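Look for chain A in each of the two complexes below; its partner is chain B in the first and chain C in the second.
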Partner chain A sequence: MSDLVLSATQMEVKRERSAIGSLRLVQTACILVIALVIVSPLFMLLVASLKDDRFQILADMGSFRAFWVSNPTLSNFAEVGNLSGELAYGRYLLNSLFILACTVGFGLIVNSMAGFVLAWGSLRGRALILSVVIALYVIPQESIIMPLVIMVSRAGMTDTFAVQIVPWVASPLYIFLFYQFFAQLPKELFEAAEMDGASVFRIYRSIFLPLSLPALATVSILMGIEAWNQYLWPILVTQTDYARPIAVAIATFFGQDSIYWDRAMAASVLMMIPILALYLAFQRWFVSSFVGSAVKG
Partner chain B sequence: MTLQQPALAATAALARPARRRDKGRLFQEIGMLAPAVALLTIFLIVPFLLSFWTAMTNQPLVPRPTPVRFIGFTNFLRILKDDLFWISLWNVSRFTFWILPVQCGLAFATALLLHQKLPFRNFFRGLFFLPAITSMVVVCVIWGTLFQYPTGPLNQVIGFLSAGRIQPIDWLGDPNWAMFSIVLLSAWQAYGFQMIVYLAGLQGIPDELYDAARIDGANAFQRFWHVTMPGLRPTHVFVLVITTIQAFKLYTQVAVLTQGGPRSSTETVVHYMVRTGFEEQKLGLASAVSVILFLIVLVIALLQRQLLRRFDV
Partner chain C sequence: MASVTIQQVRKQYGAVPVIHGVSMDIEDGEFVTLVGPSGCGKSTLLRMLAGLEDISGGEIRIGGRVVNDVAPKERDIAMVFQSYALYPHMTVAENMGFALKLKGEGKAAIEKRVREAADILALGPLLDRLPKQLSGGQRQRVAMGRAIVRHPQVFLFDEPLSNLDAKLRVTMRAEIKDLHQRLKTTTVYVTHDQIEAMTMADRIVVMRGGNVEQIGKPLELYDRPANTFVATFIGSPAMNLFEGSPADEGFVTRDGVFLPMPGDYQGAAAAIYGIRPEHLVIAESGVPATVVVVEPTGSETHVLVKLGPSDANLVLRDRIDLEPGQPVRVAPDLAKLHLFSAQGTRVN
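This part shows the complex of A and B:
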């Protein structure tokens, strides 16, 4: 009797295994199809940026030549990579990098300090400030920019780097992310340091901050992507090339009668490189902490 | 892009109770909190409150000698009477209607696949996130070429797959197709985020539940329907709400590729707002639009809390 049951279970296991085997095959095939859809446009961009002739780029689009370049050239990059003049994409790239570095740099400091005090401070208004911060999170950037444009132009801040950095340094979302991360660390950490006579800032600086690499990586990537991809705000507050970011500069390709796809492609590749480097550098921490901190319901 | 759920944690207890205060410590804490509080006040709270005030004035973009007048709800009435505003609202609703199944469905399916023990799954996770870090303007350059009419890559692929039966589509030039084209490129760009959120949700479902279901004799489909789906309810609500809010803020793709055209078929609320404020230079009117936008987002966010509360039990 028990033998019979056992063999029935074994058969089932065997059947399930072979079913799983063919299922895996289907799943892998699906993944590869999705990968093709995701990657081929990016690959096409890279290939096209290495082609010299903009008419050829469009002609190649209709065939598999869109994914192949027979004599790659960097001439497009040389054409758009200037630091001044009409196609000063090198300069716009540096502008964007500067804005990115300042926004993320100041943002990490300001938001993590606030998050730390909200989690571990002794201020009486902490709970209130925390709930205000959370409520502010609902306000979309789009619905405050109208008055903000007036404010910054009255303050004479248009066409500066500061106007693209300072307003976006403090952010309810990142304060909350840091708050949440710090709050889950064991309180013995804080108490032991306090016993040793360390000040609040010292505890934050020497104990909690070094422990928060995953949070720092997550916020760096999210803030970095956000700062890098800003489009609406800079078109409203920059009029000259002085502080113009590369996203705005690339969009101007579309305003012309016939689009210089070769240059647009090269400028686009230029724009992808730094954010890709940032992503690859922090990805390890990013995915784990992202997964750890996202929706808990 | 936002992946947090602050509203939920609002009620969570603070990390630890207040303790003995001394002055030096208090000053330090205030000093550490001050930069964030000051910046949020100046660049978020003040403009937010100002937008309600500006919405009720005839504030122009460039200062004029005539003083700014308070005109009550006139701006709101003018907007509500403007057909273009309703068209833009209708368009973002259409966009939402398409983007939810396309983007969230694809993200959900991919997350389910990548949650299995497939070879190289971490590599694919990283790969599928690439479009999400790509700037929307770059995405517009890429898809601007893919959408070329009549011989762009997308039309070629469709022609090939349908053996020439489907005629080339003027993706961005045909009012019937333009918004759907915007949906396609937006979904391609943003779905990596949703995928990661779904992966997190899947990892949050304890394995014991699956084991228990298996012992009770549940097959794969039953396990999916009775364990995975209920476990993902908060994730579903979160993803749907975030995507809807993003959809109502649709701007960059439209501004770069179609400028709201052809024949206003891709006009969106934010594009309408920016045009009113900066091309027509009527900042008061534009502020009224921004207040309406805020109210829409607020309603969606409150709806989310309500839904989650119901599911949480």
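This part shows the complex of A and C:
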């Protein structure tokens, strides 16, 4: 009798195990499909950038040959990686990097300061300012872009690096993000520093800013991606190669008569590398920041 | 070190008053404890002293100087917070030296002062650790170290032991008292725990609803509470109180229980009869009662009895075998009697 009961239990355990096994298989398959959908265009881009015949690239698209290169070459990269001349994509890349570094650098300072003052400052009308900041967030960038173009052209700022950095340094989204992060830090920390003799700026710089690494990482990545992918704004405010970013420059490969797929692909790969590096560098804090905000509500 | 004078200090949030004109003098080097239930205004008063809250009215003087409008950092005081408020990204040494660094002290001077404070608090081996690598008691000591390293005129403690377990609390209580005896710095200590207040303070300020109920030495408060609030707040288990009125050679409670009272008190307008649990003893000549609960603690036994329909607590030093439901006779020590008026103020 006990043997019978035992074997029935064993069978049940076996059934459960096989059900769990099947579920895992389905899960893995789903993850693989999703990963394939996300990764395949990037892989295709990388493969195409290693082919030297732009007509072949076009012909390969739509078939599995798009994912294979028989004679890989770095000639496209050599062509577009110049710092001067007709194909000065190295220069455009450096322009973009400079714009990114300045926007993120100044953005972290300005937005974190504003968030700190809104969270802890003794400013009059703090609540009202915060409401205005949140309200501003819903206004799309595109809707203010024309008045902004008029403003910067009247100020004589067109075709400069400054025009691509200054308007995007302060952002309601990032101010609010910093505000939320700072507001959840304990009041006693502020008060203890105050008792220790720290000024409000010193409290921000020495206590609250070093504690906000997750928020700094999140804002760096989001701001970096935003600055890196700017397209409409630089088209409107840059006329020469001097301050033109790579996102705009790549568009010149897509002419009316012909499309230089080989160079466009190589330039696109170049364009992807810095932002991927930024993400990988800050990924740990970026993820922990989102997890933290989810747990703490 | 400095004296502290609080004169008619008031605090209100909008139209809601929370401190109603509190006055007290704290002498140079004294250890004063502010004690009271939650919401009595003790922490608010301490924060006003620290400069973290504005004062709605009255005057605060530290070392003779009016500090009503002086910023916290210029009051020359140090505060230990309930949550310790250590800077999580700084080591113990950096936490302790932060105030000195802000003052512009040299690196060598900071190191010397931090080392001195660390020696006093036995924090030497922990100076390079981060707060998250410390236990609760160690964090508490670092918070104290951060305060003493500045050599302030006044120490403020805001319920510093409430986050510690019971055993550690007893140890830290003794450490803080020992520290005060060594440094002799004027100290104002807020707690809701009357045992902490009794064991540590030179003087206790009992607060309720934004008012001071009584100021005095711990045993003064215990032996002669000014009113029923202080009588029940100080001492554990709390004092037994019975409402009623004086009668021939005694006091008759509302429930008709007769309690003995010395003849000298017959004329007093006593409406409440108070006796501490340790001043009620089991004696043949006592009032009939029934045992309800017996709680042996080892050193003493707490007994809850029914005196008629009323409850009464006894604390017995002798080990007597008692069972729930057992009839006994309890007698008060008449020399330790407390009599209060109907309004709750002391009359004897």
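We adopt the following convention: the second predicted complex is superposed on the first by the 269 of 297 C-alpha atoms of A that agree within 3 Å, B and C clash if a C-alpha of one lies under 4 Å from a C-alpha of the other, contacts with A are read in each partner's own complex, and residues count from 1 in each chain.
FYI, contacts are C-beta pairs under 8 Å (C-beta built on N, C-alpha and C of every residue); 3 or more make two chains touch, one makes a residue touch a chain.
Remember, predicted model here, so these are calculated numbers, not experimental data.
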Will chain C clash with chain B on chain A after the two structures are superposed, or do they fit?
fit
Tell me which partner A:A192 touches in the superposition: chain B (first), chain C (second), both or neither.
second
With the two complexes superposed on chain A, say which partner A:Y242 touches: chain B (first), chain C (second), both, or neither.
neither
Could you say whether A:I207 touches chain B, chain C, both of them, or neither, answering first, second, both or neither?
second
The answer to whether chain B or chain C touches more of chain A is B
Pick one for A:I145: touches chain B only (first), chain C only (second), both, or neither.
first
Just to be sure I read the superposition right, which of the two partners does A:I225 touch: chain B = first, chain C = second, or both, or neither?
first
Name the contact category of A:Q27: first (chain B only), second (chain C only), both, or neither.
first
Can you pull out the angle centred on chain A between the C-alpha centres of chain B and chain C, to the nearest 10°?
100
Examine A:A119 and indicate which partner it touches, taking first as chain B and second as chain C; both and neither are also allowed.
first
Smallest Cα to Cα distance in angstrom from chain B to chain C after superposition equals 5
Touching chain A in the complex: which residues of chain B?
1-10, 14-16, 18-21, 24-26, 28-33, 35-37, 39-40, 43-48, 50-51, 54, 59, 61, 106, 109-110, 113-114, 116, 118-119, 122, 124-138, 140-146, 148, 151-153, 156, 188, 196-197, 199-201, 203-204, 233-235, 238, 245, 249, 251-252, 255-257, 270, 273-274, 277-278, 283, 286-287, 290-291, 293-294, 297-298, 301, 308, 311-312
Of all residues in chain A, which touch chain C in the complex?
186, 188-189, 191-198, 202, 206-207, 210-211
Any idea which chain A residues touch chain B in the complex?
24, 27-28, 30-31, 34-35, 37-39, 41-42, 44-45, 48, 57-58, 61-63, 66, 109-111, 113-114, 116-124, 126-127, 129-131, 133-134, 136-140, 142-151, 166-170, 172-173, 175-177, 180, 182-183, 187, 190, 199-201, 204, 221-222, 225-226, 228-229, 231-232, 236, 247-248, 250-251, 253-254, 259, 261, 264-265, 268, 271-272, 275-276, 279, 283, 287, 290-297
In their complex, what parts of chain C are in touch with chain A?
50, 52, 72-73, 77-79, 81-89, 98-99, 102-103, 146, 150
